[in-house]
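The next part holds the structures, each set out as structure tokens.
Next come two complexes, and both contain chain A; in the first it sits with chain B, in the second with chain C.
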Partner chain A sequence: MTTTVDPRPVLEVEGLSLSVPGHDGPVPLLADVGLVVRPGETVGLVGESGSGKSLTIRTALGLTPRRARTAGRVTVDGLDVLSAGRGELRELRRHTAAMVFQDPRASVNGSRTIGAHLVEGLRAGGVDRRQARARAVELLERVGIREPARAMRRHPGEFSGGMLQRVVIAGALSTNPRLLLADEPTTALDVTTQAEVVSLLTSMQAEAGMGMVFVTHDLTLAAAVCDRVVVMYAGRVVEVAAGDELFRSPAHPYTAALLDAHPGLHGPRAALRAVPGRPLALAETPSGCSFRDRCTEADDACAEEVPALRRHGGSDAACLRPGREAWA
Partner chain B sequence: MTVRAGTTRWVLGRLAGASGTVVVASVVVYAALQLVPGDPLATLTGGKRLTESQLDVLRQTYGLDKGFVAGYLDWAGHVARFDLGTSSVYQDSVNSLLASRLPVSLALIGYAAVVTVVLGLGVAVVSAVAGRRTATLATVLTSGAAATPPFVAVIVLLAVFSVGLGWFPVTGAGSGFLDRVWHLTLPAVAMAIAAFGVLARVGQAAFADQLRREHVEVARSRGVGRAAVLRRHVVRNSLGPVVTVVGLLLASLFVGTAVVETAFGINGIGAFLVSSVSRQDFPVVQAVSLLAVVVFVVISTAVDLLLPVLDPQLRPAVTR
Partner chain C sequence: MSGTETGPVLQVTGLRKTYGSAVAIDGVDFTLERGGSLGIVGESGSGKTTTARILVGLERATAGQVLLDGEDVTTPSRRDRRRRARSIQMIFQDPYLSFDPRLTVEESIAEPLRLHGHGDRARIRATVATLCDQVGLSTRNAAALPRDLSGGQRQRAAIARALGIEPRVLVLDEAVAALDVSIQAQVLTLLDRIRRDTGVSYVFVSHDLAVVRYATDTVLVMRHGAVVEEGGTEQVLSAPRHPYTQLLLASVPAPGWDPAAVAAANRALAPADRG
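For the complex of A and B:
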């Protein structure tokens, strides 16, 4: 593939910081997060729970927590989301960007039919009722739901998790968005259906040429699916690299620790190593590098300041001594 | 078992349960006559002197000459044919005495129900959506309302709006539609206050619970308007608890007429019950008691049958 022009990103997050009010002053949740997604590109967002992955992509839809304070810039298809008004946000959600949530059981209203769920999104996007119904049936067929016309009248309780996530994907894609935000779309599913849902997502994304952010805590899955992977730790980006590059030679000790904690299928069987310590929220992190208390390589220099992202091989890593070769 | 057979069995089960409740209640109502100290016949006549032939009719209607079981069956047979006996005070059929008083009571209950539902759900929605300060204020208001018994409400409303401000009449039920609405406003509000408080509390909790759910966030993330999210996702999904409570409150409004009608001099079923108790008009007391049981059972059965239709998540397992 030859790229002559660098297409304008559909999502651009620059220096995003976010805090919410707490009992003793503001509680920071994100600090200086950056992310770029171009049309047709899949970017993985990886990290432990509480690292700020979901919060980051929710910000792209203007779904920030109540009374949250933000700084930095989030641009979706040219719209500055953080300063957008309610009407602009509604238009953004109706036409430009869509989100697939983690648990399909929770994200489709169990009291209403599948048809009502799909038609609701289309109607919000300005499609008239008859056309919306016809298009909903079409979408169900495309995501592989059998007897789509009958499925329209069924309730979520009558579907398996995997089938329901297909419905959710159909709903998210119904308005032909330019940006798809997938928030751990396979975490709540069986392993067998995970693969089906991932391949459905990627094929639909390639077909429509959308930009996609794929949030997951599964580094291997991210490396397989994504063009680029962004690793987050405690509300900060610690490494950005191409999927295969990240897998082959992680530059940040945290990325390496995540990989070591995951069983590999190929090569010699190495002992699994858990990442020592527990995942921290941004508010609890020590001075300097957030990961230094859990890092086997940390020394006094790591406590001095938050390391910036620096080029190392094929990656950008926020570490003073990036790359396995530098480690003891 | 097929879904349809399961559903049929479930519905028949509910109906059988409801009928059973009414039968048991009717035994209790009949037995009350025997439990009153002294001669049941004297209780029935309320101490008045009747001719021997009139006493015979009473003995027959209540099966007093036959022993408890046969007597009950005799009486139940009459009741089942909607023959509720003869008032010992008015010497008129209980049926026609009730029929002439029922419309004003139904109007009062209906009015109170509308006030309860409109204000209760309105306050519930506002306090679920609004900020913390408004929600706290609403909680104080609705908790206070829920704890206000009708006889207190009656005294306060009469003192302020009838005697003090003179906006509403003190007594009577009025004639013609607007006059009736005007006359029934204070009584309806007095009956509705506690019910409003309870419904608003339950509604607020149910709405707040739904607002936290992911399907609400999903709807927002798709740019669905605020009002539509509230209607289709928040209120819609709260119908289970809300309809259940509305059913219970409706039934309790029927009982609430006793205090309020008496206080406002409205000649309805409730006031009739109170006066009949004091005059020992036993057939009337029996009839109204039985009616109250039937109202409770009918409403709660209707709610039970309605819920699965409103929300498939509330369907009992056998019918799925």
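For the complex of A and C:
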């Protein structure tokens, strides 16, 4: 999966901050977010409500909230997204980057056939009508839809959620994008279907050498699927590590807390360690480390300034005392 | 709760529900011990939610029997329904939909107490305060409208409201599925403590095997409307016998997880379901 050479990233987010206007001045939603995705690489973006994970990848498509103010840089395949014009953004969304959302039924018009949906996308990408039909059938076959030619005439309501998500993936991949943004693509699906959709996504991604961002609230899923996992909390990145590394030895107390809060299926049945409080939005966070109010390891130093990401073992962690061995 | 009763609190035999020619569930049997917690695991279309809805009287069974403390409650009359409501309460996935948006949380918690005649105003106020305390809602939370609470706080409020009339059974339908992981753990530990403190019994409907492992003593695995495996939760999850239970377990991501192998196993098990 990770290539030996170090090709130019297909997505690069550097120091991204974003705020929207509120009643009493700007409301910050993201602060200093960084993210690098190279071709052929899968990067997980994990966090709870309000962490800013979805907002971050939407920004990669130029889909920022209305009247949002941004700072920093977002580059997709060489295009500076934050300063791009309408035409460039349209090209970006048509050719360079594609997105798959949580609910496939919200991504496809229920009153039109699957074929019409796919052909329309291909035609918008500049393929002529006959070729578009042939390519759509090919794509349906590739994502594992039986009798693809007949499926073209069927409506979304005739498909199960998992099958419809395959159709959506076929549509997303129809223009051979360089970057695939998957926002909780399996959350609305059944457990056994989740494996099918994940294996389809990863195999197509490897085949095409695309970069993929896999957004999920499920740290275990991200760790199992992704080359690298970026953990976000309250609009900031708190830890970046390889998937298995993160699972084995989390460096940030928040990552560790997420792992401990999830009831495990394997090993002895342990007591759950609930995290006190609730996930915060960036605008509600205290000074210094955003997680310190909920952290069992926090002390006065944590209130002074926002910790920068620092190397610790196999992780980059934004914590003054990273790693379980440092904790009481 | 009613401490004098003995034997299982809930006995379900031969439960069947059809909608026209479609069979939602068929031949569901189980027993829930007093103070016990039973998990019902399955995916969409398994019949787990239909089973739960029949238990609380939201659906009428086509055949079969539900005994609550030995009393047949399968086809209740209007008057019986209120009595059943007192004995079995249900918690839904999205508690926001089950609150009147115009009532404060404490008014909502007080409503079933008034409906079931739990004393005068002062006594109800005191009970509401105790309940809020029990589930960890602050006075400020209690005075707020549902929309001003977070998902986890609303689920606590739903639990407080359900517990007020001291039911013997609480049916929880995907009750923690919509919550953030850190909040889910809070609600699970709360439910655990309440069961130990009050002796209430749970029917815990969930698609999440890890949650079921934590929250239940016994488990039913359902597929296409039928029970395919049942037993002690630890036993079923550590040594599953039915291929479908094995597939469900293999579908849960873990380090070294191979989604392609799971997908292949799924296709092998259900070639007829695809399309």
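Here, the second predicted complex is superposed on the first by the 321 of 328 C-alpha atoms of A that agree within 3 Å, B and C clash if a C-alpha of one lies under 4 Å from a C-alpha of the other, contacts with A are read in each partner's own complex, and residues count from 1 in each chain.
One rule holds for everything that comes next: a contact is a pair of C-beta atoms (placed from the backbone, for glycine too) under 8 Å apart; a residue touches a chain by one contact, two chains touch by 3 or more.
The structure presented is a predicted model; accordingly, all values stated were derived computationally and were not measured.
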{"item": "Which superposed partner A:171 touches (first chain B, second chain C, both, neither)", "value": "first"}
{"item": "Which partner reaches more residues of chain A (counting touched residues only), chain B or chain C", "value": "C"}
{"item": "Partner chain(s) touched by A:80 [first = chain B, second = chain C, both, neither]", "value": "neither"}
{"item": "Which superposed partner A:279 touches (first chain B, second chain C, both, neither)", "value": "second"}
{"item": "Touching partner for A:299 - first (chain B), second (chain C), both, neither", "value": "neither"}
{"item": "Chain B and chain C contact sites that coincide on chain A, given as residue numbers", "value": "none"}
{"item": "Footprint of chain A on chain C - complex, ascending", "value": "43-44, 150-153, 180-186, 188-189, 207, 209-211, 213-214, 234, 237, 247-257, 259-260, 262-263, 266, 274-275"}
{"item": "Complex interface listing, chain A residues touching chain B", "value": "61, 63, 89-95, 98-99, 101, 103, 106-112, 116, 120-121, 124-125, 155, 157, 171, 175"}
{"item": "List of chain A residues in touch with chain C within their complex", "value": "48-49, 146, 159-161, 163, 190-196, 198-200, 202-203, 217-221, 223-225, 243-244, 247-248, 257-258, 261-266, 269, 272-276, 278-279, 294"}
{"item": "Residues on chain B engaged by chain A in the complex (per definition of touch)", "value": "213-215, 217-225, 228, 232-233, 236-237, 239, 311-313, 320"}
